Amino acid sequence: MDKKRGETIWTSLDRKATAIAEFTMRQYRTRLSTWVVLGVGFLAISVVLLFYIDAMNTEIEAIDNDGDSLDWDGDGYVNGQEYKYGTDLNDPASHPGLFDPPIDPEPASMYINEDDYDWDYSDGSRLEVGIDDDGDCNNSSLPESLKDDNNDGTPCNIVLEYDSLSGSYFVYADPYVDEDPDEDRYGKEAQHRAFILGVGKLGFVFLLSIFVPLFLATGLIRDEMTSGTMQYMTAKPIARGEIFLYRMLGYLAIVWPYLLVVCSLLAIVSGFMGPGDQIFRFKDLGVWFSILIAALLATLVYGMLFAFLGVLWKYGIILALPIAAWELGMALLSMTVPESTFLRMSIVGWSMSIIDSGAYLVWPDMALFTQKGAWAGGTGDASFFFGGGNELPGYRALEWAQSDLGLGLGPYATTVLSVVVLFCQAVFFWFIGQLIFKSKEIV
Amino acid sequence: MIPDLAQEGKAQQQAWVPEAQAPVVMLNNVGKTYGRYQALGGISLALSGGVTGILGLNGAGKSTLFKLLMGKLQPTQGEVRLFGTNPWKNPAPYARVGYVPENENMHDWMTAHEFVSTFARLHGLTRDEAKKEANRVLEFVGLSDVMHKKIGRYSKGMRQRAKIAHALVNDPDLIILDEPLQGCDPLARTTIMNVIRELGRMGRTVLLSSHILSEIERITEQIVILHQGRLLAIGNLHAIREQLDNIPHTIEIECKDAKALAKDVLSLDMVHGLQFPSSSKLKVFTHHLGEFHKRLPKIIVDNEHDVMVINNPDDDLQSILGYLTGGFR
Amino acid sequence: MSNDLIIKTDGLTKSYGPHVALDNLSIGVQHGATGLLGPNGAGKSTFFKTILGLIQATSGEGTVLGHDIRTEGLAIRSKIGYMPEYDALDDNMDAIHQVRYSGELLGMNPVVAMSRAHTAMEYVGLGELRYRPISSFSTGMKQATKLACSIIHDPQLIIADEPSNGLDAESRQAMLTTLSNMVHAGNRSVLMASHLMDDVEQVCKNIVLLHKGKLAAQGRIEDLKAIDREIEIHVWGMASELEAALGKDGLEVRREGRMMRIRHEGERTTHRILKCAAETGAQIRRMHEYEASLEDLFIVIMERFGYGVKSSEDLLASPAEARKVDAPESMGGSGA
Amino acid sequence: MTEESPIDVSTPVTGQGRMDAAWGSETGDHAAVAQSVPQTGQVFEQVYVPWEGALNPRWMRNWAIFRHHVLGIVRKGHRPWGVPTKLVLIFVLIASMTDVALTLLFAVIGEPSLYELWGVGRNNLYAHILGFFPRNMLFYPLVAALLVGGVISEDRSNGTSALYFSRPINRFDYVGMKYLAVATIQSFIIIGTLFLYYFVDILAMGRGWAWILDTFPMFLTTVFCAALLIITYTSIGLALSSVSRGKFFPGIALLAVLLGTKTLAAIVEGLFERSILYLISPYDSVAHVGQSLIGTNVIYEHPWIWSLASVITINAISLYVLSVRVSSMEVTRE
């Protein structure tokens, strides 16, 4: 049609696109419900953020995992000190104070969290780690054979073996090595990671990405059709498929910046609040970035899906409810069984695998890190001192929020594949939607 | 417009009627049924140029006809052609059409200027061009002083004018107005009628529907009459009336002395009946209305009759509609 | 006389913040049919709501059928029938049930309501259509159903907001006849708002004209009409020539299309017109003395409030050709 | 004549002005139109039938509103609930009778251990009303959402609010009756099936008085909890319905409130092991009260009185919003 002034078809397309997108954005802006929905979404995420801030500011109570800060015999010398000097733990008449020269009793706090983990990440399949910081292995009166419980030839160390089948590490530890880890240090880090993953997966990809499109995108075409205002737009020289697409653009122009703002806010706050020596945890930005990508794509796909349902049937929104329920189930499934085939038939499943890939790249020690929490200085899965699963604080949250890559591919391949699949889903819904919209009679 | 198509050879390929000759609106045996209900049954017509009033009672199929033309509905039978193109699933011909739907709902949250310029941009105008065009058409319909106010605050007449403005923004060749005068107060009605008449004078094809007969009569004499989905008549109002020759035309004349006038009137050979409802009233029946009216003034003046009222009660739309639809009720 | 007033307001004022919707209205509506006129936004709907006791007036007082509008809203609403301007029907219900339900809402027994609903539907002319869903109704049938809803309890006063809006000639006539029947056969009162002046003229004896919340005029229609005389002719063929000839003859002519109005200047005016017609060969299809309609009255009064009628000449302030230039050819413009 | 007419106090309407005015106006051939009316054959026969009956008082009007909404579920001629709504209601009604069916089944089979699993007991009574999956995740909120969706907002969009308010009905009655009607329909499904469950158990197993005396307080408590649940859902839903124009927004918003707060609280519990945020979830607050009153295993850490307070607060806020919105509702079509 337009062949004037050297215009290509693209410039005129572009004009129509911006016109409808701007129109849609203005429509959203003038509606109170838009702001209520976005505001409530922000509020909901902020509530979780508040809990996070509170958790970061609360010292996690230190637990004496190995019990050496106790003073069983009441002689003023804690077990750890007596043990170090070889006196009898149960005899009040035997303590280092009777030595010559007498040794002053050490405060009990010296024997809490005194033997923290000193494992570093390495991607070897078998590692030898662990230093007996407090010397209660090296200096103990145990025979050498017992000091090398794991039979690796070196006394007082820990051997980690990576099991590629289960994707986790086995811990073979000599006694009294790294047996009293720092709960606060571990717990903060674990909670921090769990928060990022949990809020990213359930907060952004599930809660925001389903409910925001449910409110904002369902009516994009349907409301205009029921109120009859679609009459104006469909009387202009523009294909219905384009109207569908450009209305979506307008929707994305509202939702995507919103997600960007909320995501950045959380990234900045958690970056400053997070544990660690550095002022800002720059590395985490990678995870936040993958969360953002996942949320953007999820809102795109859900938006297309719900707009399509709105076109399909006047009561299309009722179909959205079982879909939302299915997606909730899939969200929970992908956090527990990430390799399930069902996930391939969902939207959250693919979105969450983007987040998992991001987390895998930024925190490659995740498997080891969770194992640390589970082992908990030997008190976790092995009943060494007190017997019975005393995982470190934060471990359960992290285990709940974190999941492995379910596709059996590397992180980059998983990300690329997921992005492509989500895009294809969006295009698919758009295509079907515009086909139906095109043959709809507008009464 | 024409060269574009010709040089691409499309006209020959797709066996289109070359645009210059294609009527603006062409319907060939077009029908539309909703379930069991027939809204339009087999209508054929071709229109171009000037203002045409589409007339019919509520539910006669006027809106359905317009929606078929605008590609909002798919015809159940027949073919619709707009500038020689099928409008269903094909937005191309809308570039030359302006459509004012009957629907009262509008984008209340926009100003009229935003409304018009947004839709102007859908015609491929740039932002600045669209703004300029919006100013122009809003000025044209007389909304320039309130165009930066929200449409939600407009009265019905202003809303109708805003709708007309949005339809005019691409300077269309065909303007379709579905009940543009409904719900307007007399001031707004007069203004809108002037706008429509002016559009017709500018050589646009205007289709206009209404059920208020006197309104259409004031705008145009070119009419299409629909009744229960059927095409009853098309053409000039008076021509239609004159075609209905089996029903004699009635002329009522009021004068001082009806009998005396009757004598003189009888001398005209086209008169074939007289009636005296009262002593000062004369009813003349004729089959040749134009001829009679041409000669009547002379007779009156020459014979110094004192005529107060001449009335032609069945020359208006209402009576024509009555005659035409009478058989179908 | 004040006993005859069914609606009486005294200094009624309603303001929404700074916006004054009703400004010191003192209106007396007599028994019988009364038309309420005013352009859109004149405060007609607010007035209705105020006298129905649905919104509280800011100041002033009034009575409807002897009940205070401030305190006795329920009693007023039991005695009147209100027919709103907009659609007020549930599309998915059958007409008869909608009408019956509206009777039940007034406190009728379901059985009584049903029999009255049949009567009312019959009365408004929807007898055969009463079991059809409202969604299948045309505008005229919907309006009739709304009327049936409001007259089910045979109210003393029917308040109808734009009763003939959107109706074709036939249904309009039916609606107006029904309303007049209520007044004449039933001896009820009708207060109707309308844009179509013909309608008001047909049904009502009195009018109240509102403008921007103020009372612009009230009284009997006949009293309000001016008595300027004009002769209206409908010309067919040779209109321009006739216009010129009439002008030459010294007659004042206004022309719109094939219709002309000529100022009445003495007995011989018609004769002069016919003479000119005979000379030019124009056919005068119709000629009669033009009686001022309510619409003219409306326009006169509105003009005094500063509402101009935009004429074609105003629209043509810039010539059409000049306007066309900047429209690109591709969009159907004439091109440069 | 013009001098005396009220329109013409200051400036006389001159002939010129009249002419101008008349000019741009209608043809003025309404006289001709009027004449031609009889010619079109318009015969309009009307018989005016006066009615002098008395109108019933307020409670009868209210009963009409209530009846209109409740009977609409089953009969034509009353409020037309949508087909999807009716289908979902039937589906949920059947689905919430699974325990009734299983009780009957195992009573017939006569296998005591299986019967113990499904028969009336604290846990099963609780689960009938307050079980999260699937009842309070899919069924009951969906029912509430569908019922509540258009109940006020459709009156606004159809303009039928004028039907109520132009009649002697005040706002309180209007909203109160709608509330009651919606709550009653939910009660049929939730409490009705609970009663059925209880009595089927008595009949099928031939329970004696001792058992009935034993379980009846528990049963009554369950009924109370069910009422609490219905009231809470209805209050929130109607408040949402009163603030919106569409039919769908209130429904989705209700589901979003119920499931969104639950999800949010679940996130916080999962991450930080704190159950306090469940106070903002209407379902969990009611469930917590129910767990404490019925005496099943309490899965929340905070005291149940807090949850009760939360339920009351949620209801109070909703009812406040509802009353404010309804009292300021315009009598027009929006």
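In order of appearance the chains are A, B, C and D, and numbering begins at 1 in each one.
The rule is simple: a contact is a pair of C-beta atoms (placed from the backbone, for glycine too) under 8 Å apart; a residue touches a chain by one contact, two chains touch by 3 or more.
As the structure is a prediction and not an experimental result, all values here were calculated from the model.
K.L.:
Hey, what chains does chain B share as contacts with chain D?
P.N.:
Touching chain B as well as chain D, we find A, C.
K.L.:
Please indicate the chain closest to the centre of the assembly, with centres calculated from CA atoms only.
P.N.:
Chain closest to the assembly's C-alpha mean: D.
K.L.:
Between chain pairs B-C and C-D, which one is joined by a greater number of C-beta pairs in contact?
P.N.:
Per the contact counts, C-D leads.
K.L.:
Could you work out how far the Cα centre of chain B sits from that of chain C, in whole Å?
P.N.:
24
K.L.:
Taking each chain's centre as its mean C-alpha position, how far apart are chain A and chain D in Å?
P.N.:
One centre to the other, that is 39 Å.
K.L.:
Measuring centre to centre with CA averages, how many angstrom lie between chain A and chain C?
P.N.:
Roughly 67 Å separates the two chain centres.
K.L.:
At least two partner chains per residue is the criterion; list those residues in chain D.
P.N.:
In chain D, residues 24-27, 29-30, 32-33, 40 touch at least two other chains, as defined above.
K.L.:
Multi-chain contacts in chain A: which residues touch at least two other chains?
P.N.:
1-3
K.L.:
So which stretches of chain B touch two or more other chains?
P.N.:
Residues 95, 123-124, 186, 190, 194, 213, 218, 311, 318.
K.L.:
If you look only at chain D, which of its residues touch chain A in the complex?
P.N.:
Touching chain A from chain D are residues 82, 84, 88, 137-138, 142, 146, 244, 246, 248-249, 251-253, 255-256, 259-261, 263-264, 266-268, 270-274, 277, 280.
K.L.:
In the complex of these two chains, what residues of chain A are touching chain D?
P.N.:
33, 40, 44, 47-48, 51-52, 54-55, 191, 194-195, 198-199, 202-203, 206-207, 211, 214-215, 218-219, 223, 315, 317-318, 321, 325, 328, 396-397, 400-401
K.L.:
Residues of chain C touching chain D in their complex?
P.N.:
Listed in rising order, the residues are 45, 49, 52, 54, 73-75, 77-78, 82, 84, 86-94, 97, 100-102, 104-110, 112, 116, 119, 122-123, 125, 149-150, 153-154, 170, 173-174, 177-178, 181-182, 185-186, 197-198, 201-202, 209, 216-219, 223-224, 226-228, 230, 232, 234, 252, 254, 256, 259, 261, 263, 286, 288, 290-293, 295-297, 299-301, 303-304, 309, 311.
K.L.:
How about chain B: which of its residues touch chain A in the complex?
P.N.:
4, 67, 70-74, 89, 91-95, 97-99, 101, 103, 105-107, 109-110, 114, 118-119, 121-127, 130, 163, 166-167
K.L.:
What part of chain B is in contact with chain C in the complex they form?
P.N.:
That would be residues 1, 56-59, 95-96, 123-124, 132-133, 136, 140, 142, 155-157, 170-173, 179, 182-187, 190-191, 194-195, 197-198, 201-202, 211-213, 218, 221, 238, 289-290, 293-294, 296-298, 300-302, 304, 306-312, 315, 318 of chain B.
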